[in-house]
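Order as written gives the chain letters A, B, C and D; numbering starts at 1 within each chain.
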Amino acid sequence: MIPAPPVALGALLPALIVFGTGVLVLLLDLVPPRTKDHLGGVALAGIVIALLGSISLWNHETRAFRDMVLLDNYALFFHVVICYAAALAVLLSIDYLRRNGVESGEYYALLLFSTAGMMLLASAGDLLIVFLGIELMSLSLYVLAGLFKMRLASGEASMKYFLLGAFATGFLLYGIALIYGATGSTNFDRIAAAAAARPRDTLVTIGLGLLLVGFGFKISSVPFHMWAPDVYEGAPTSVTALIATGSKAAAFAALIRVLTVALRAAQPDWSVLLWAVAAVTMTAGNVIAIAQSNLKRMLAYSSIAHVGYMLVGLVAGGVPGAGAVLFYLLAYTFTTAGAFGAILLVERSDGEAVEVGDYAGLARRHPVLAATLGLFLLSLVGIPPLAGFVGKFYLFGSAVRAGYLWLTVIGVLNSAIAAYYYLRVIVYMYMREPEGVEVRLVPSFAGGVALAIALVGIVLLGVMPAPFADLAQVAVAPLLR
Amino acid sequence: MEYLPILLTFAFAAGVAGALLGIPLLIAPRRLSPVKLAPFECGKDPIAISEGRFPIKFSTVAILFIIFDIELFFLWLWAMLFRRLGWFGFVEMLVFLAILMLGYLYIWRKGGLEWE
Amino acid sequence: MAPESWYLALSAVLFCIGVVGVIVRRNPLVIFMSIEVMLNAANLAFVAFGHRLGTADGQAVVFFVMAVAAAEVAVGLAIIVAIFRLRRRLSVDDLSLMRW
Amino acid sequence: MSTVWLIPAFPLAGALVNMVFGRVIGRSAHWIAVPALVASFLGSCVVFARVWSGQAFTTTLFTWIVAADFETTVVALVDPLTGVMLLVVTGVGMLIHVYSIGYMHDDPGYARFFAYLNLFVFSMTMLVLAGNFLLLYVFWEAVGLCSYLLIGFWYTRDSAAQAGKKAFIVNRVGDFGFGLAIMWIWIAFGTLDYVAVFKGAETLAPATATGIALLLFMGACGKSAQVPLHVWLPDAMEGPTPVSALIHAATMVTAGVYMVARSHALFERSTVALDVVLWVGVITAVFAATIGLVQTDIKRVLAYSTVSQLGYMFAALGLGAYTAGIFHLVTHAFFKALLFLGAGSVIHGLHGEQDLRKMGALAPRMRVTAMTMTIGALGLVGFPGLAGFFSKDEILAAAFFGSRAAWALLLAGAFMTAFYTFRLIFLAFFTGPRMSKDVAHHAHESPRVMTWPLIALAALTVVAGAAVGIPSEHGTPFARFLSPVLPVHEGEHGGAAGVMLLVLSVIVVAAGILLAWFMYMAAPVKAETIGQPRTVLVRLLLNAWYVDWLYDRAIVRPLYALSVFLARVFDLGVIDGLVNGLGRAVVWWSAGLRRLQTGYVVNYALTMLAGAVIFVAYFLAR
């Protein structure tokens, strides 16, 4: 008789709540009424419950399934970030789907499954769980990106995302296999122990390289970033918001844990590589963004650049560096989701308004929306006292303290370049006459709520960041013991 | 360096692949024009896809088949150790099957199994 | 019984074949099949390592990978079908609506 | 006393309400904005009463950024200096808000205007309250932002958008220095808190102090429009006139003066820095005054006058007469706001006419405006008994005992001030009408809501100086009030020399006014001769025109030629080339790099593969 292993589902509770809500949404989709208005509400309720649950579990560390799943403060911090991203995406979706005639139960179910995958990724303590989490998250997102079945761009985004994502998964999995072969385990702690005993093992380093390819794709760092602009542009904007925030946060969660826990012994190796990746990523992202006239594409390159900034924190290392990355992810999630949300609410007669020209004179017609979008963009630039400024302050501060002066200089220069293309949009909104096609503001209560939440988020994080930064540091500290 | 042969194999495979792709890129003359970039089919626009046509409904069924087929080997493993796993295994498998059935129910109700 | 490094070598070759397949083929179905080859190369490596280490962990991982791969096939085929319905053609080179 | 925070909170709330509900509120925006300012002003009065009784205190709202060894709090430092600044900002701000109800009456952006104005008052009060350099910097930028928004308020005018841009760029230069100064302070002291920094400044190495002080002063030059960063302020007059009055005369532009006075502990450690402040101030005072002599746009005259008066304040600071500088800041806020609002009233009455050549004889039609503006002008030139008399005399006295050369130049500046101010008054209100019949017919006095603030400011101009500015053996009451913050240099104010100086400055001012009278009042002038060089006139005016001519030929033309030369060769060729070249290079790179994004899956996969190969190769090579 094989003894029954202990089953501690508590460690999966927040993810299970989200997952269960997804299943519930699927079932509700099968039964009348035929209208799908209520499904968004159900999905939102599930996410909010998971969010509250995650917050209430703070400081209650649980490990389960032979340390494969860790529900520590680190995971919970990311659960909160991911839940916020998912909640904003749901709020933005409700009217957006109806407007585009693609309301369906699958949408919310897939969104919830994807969110569950992200949460799993954040609490992964084992490379196998990392793999499962990434796949659960990505497979749902691939489909979501192609939601607009009748639009070529949407299908194309879905296909590109899928093929390249699967390609990256191949590298990731092979990397896992090699690390398993070298260390005899897929568990982070056991890998760390084995790797420390045999430093500079060839298989481990190759495996690390391949893992970084897989993660590099998910966080869209150069040179694995090329899918991002196309997918961001083609995917439905609400899905783009989720891909840009939630999936990136989840991938960072796993990446930080893998690098700082499992492969800490190789830190001298990976930090040099990531130094270069960070520098190239932020520069490429910012420079190419300048030439973009499509706002969704511009934000895609901007998000690539922000990944570069966050990698700076990872390179700087230590509790300040990693804590800065966590704080930045929180700030970035609100800012980027808000920016995409604002774009989603502006519409031309012939579709979405995504060209920068569409925003000329917006301040005159829709002052509130223009001011809101303007604040999100200013936060992305890093203007005090918004979240983006404080986030960059922490990131670059940690890099300076760790002695990475040149990387900081590159980062600050990049911030200066970035101001150009963000401010261009603001100039269009405030200092240009409306041109060409008439744009209108889509009335959406849920969308307005989402923007309000994001706005409060960036102002709050900018004005009083200290408690949140403390939480971020508390969350990462045990990892780096 | 016990893995040297593997590395060499990697290098060789990657080298050949890279060479095959890279050499033409380097030495082949490239004078691109819209005409050249267009798909060529005896001077006419392509009239059919090169792979030939196939009905989509087969692939739909194939998708469903793969999913349920693959889940089978979890059942197979469980069946092999059925007695030794005891009630715990049985309940676990019931949960697994229930989730699977949920998917089945969903496909069915959504009309995924209709042939026409 | 062949030494386990032979399996690893085979797995490496398979992986490279998969990668090259992704790069050189134009049909998304074939590209996807190449990716499956890459995944199976990883599977082979897992089994081989598991055998050397004398644990069943490697083989257990393979089961998960295969299940996930099946799900991936389903999603991939569904996306391909959706695109095919719209375009009636299957080549990834057609997928360049969005660029620059 | 955390209620201090209510002072900025009211305008902030007002700004938010008007921003969010602007469309609904529309014409009623002032019912939000003005009460917010009144509440804020009352709060300031309460705080002032508190500091009056001799209490200085700090109050922390919350800890802002904490990073290991670095902590920045949102903290207010409330001392007499803060109290004075708060009263000026909210008091003058309140009057200008009221005035704007009339002035902006027909503007389509009514609610937006009040939202920006409230936002400005919020930022400015925060700037004044800030208890550390980082917070000061944040709101330094924030007032700048409001300033750009308001300069470009009528953004459909190309010139307004251009002016906004110019202000932005010029201020960037100053802010760059300010930013460096803050970093240096952090490195030198390990904190940005005022109290700690000023305490530590006592033992600071003079070289460091010089560096920090000069960089700080660079920031002050940008914001307070000192030579050579003064160029943005005259163009800023593109904004609506109440904005010119509030931001570009009374409050924001004095932020530089406030900042230098606040950090006097750092400046005191470096004689070099103090000398630089003094001479930049003196040069600006004279330089701007000379330009003011020939301007024909009513607002530009006042703009140059503002630049010039700011120069006086800096000169005072450079001489160590901090209280004199701040006193002049306060009185200047009153009469310059009055003059701008009066000018706005004239412009309003003439339906947008700003050209002095097309005005004249408005006194009978606009009695209140003419009267109050004349009071303002007397205040500005330093007519005995009015506000400017006391504050300017303080500065001149300090200069006399500090540096005779500076004193002589400032006295010359006072003469020019008297001349251009009354030139403006005479041309606008007294000499025969030069506008078209039609315009003259429609010229009218402004509504009550605009004239009452004028009267209030005129009253302040009359009273303020005598109330707190009469010097005694221990300095003026104002200086004694500020003495806990700003050191009072036991003055040789009194005595025969003091009286002599007083008389001299009155004579100079009278001479200036008389000259203006002779040139513009004694004989009627033709519109086309005003401000026009090379038109040789006869009799007594000849000599004055000679000045204009000389000014034009000896200064303006060569300067213009030089500036054209510099603009063509240096700016376009070098600076522009550098800036544009850099911009072009980035754009070119951007355009080039984006081509890599071909849209083809295969290329993306190849790039990923290349990345993977590089990664693995790197790890193998390690």
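Brief remarks on what is shown
In the analysis below, a contact is a pair of C-beta atoms (placed from the backbone, for glycine too) under 8 Å apart; a residue touches a chain by one contact, two chains touch by 3 or more.
Predicted model only: the values in this text are computed from it and were never measured.
In terms of C-beta pairs in contact, A-C outnumbers the other of A-C and C-D. At the centre of the protein atoms shown, by the Cα-centroid criterion, sits A.
For the pair chain C and chain D, the distance between C-alpha centroids works out to 68 Å. Distance between chain A and chain C, defined via averaged C-alpha coordinates, is recorded as 26 Å.
Centre-to-centre, using mean CA coordinates, chain A is 45 Å away from chain D. In chain B, the residues touching two or more other chains are 3, 7, 14, 21. Taken residue by residue, chain A touches two or more other chains at 159-160, 163, 167, 171, 202, 229-230, 291, whereas all remaining positions touch fewer.
With touch defined as above, residues shared between interfaces to two or more other chains in chain C number as follows: 8, 15, 19, 22-23, 31, 71, 78, 80, 85, 92, 95, 97-100.
Chain D contributes residues 19-20, 22-23, 62-68, 70, 74, 112, 137-138, 141, 149, 152, 155-156, 161, 164, 586-587, 589-591, 593-594, 596-597, 599, 601, 603-605, 607-608, 610-612, 614-616, 618-620, 622 to its touches with chain A in the complex.
On the chain D side of its complex with chain C, the touching residues are 594-595, 597-602, 605-606, 609.
Those residues of chain C that touch chain A in the complex are listed here as 8, 11, 15, 18-19, 22, 28, 31-32, 35, 38-39, 41-43, 45-46, 48-49, 52-53, 55, 57-58, 61, 64-65, 68, 71-72, 75-76, 78-80, 82-83, 85-87, 92, 95, 97-100. The touching residues of chain C, when paired with chain B in their complex, are 5, 8-9, 12-13, 15-17, 19-20, 23-24, 27, 63, 66-67, 69-71, 73-74, 77-78, 80-81, 84-85, 88-90.
Those residues of chain A that touch chain B in the shared complex are 1-2, 4, 23, 26-27, 29-30, 202-203.
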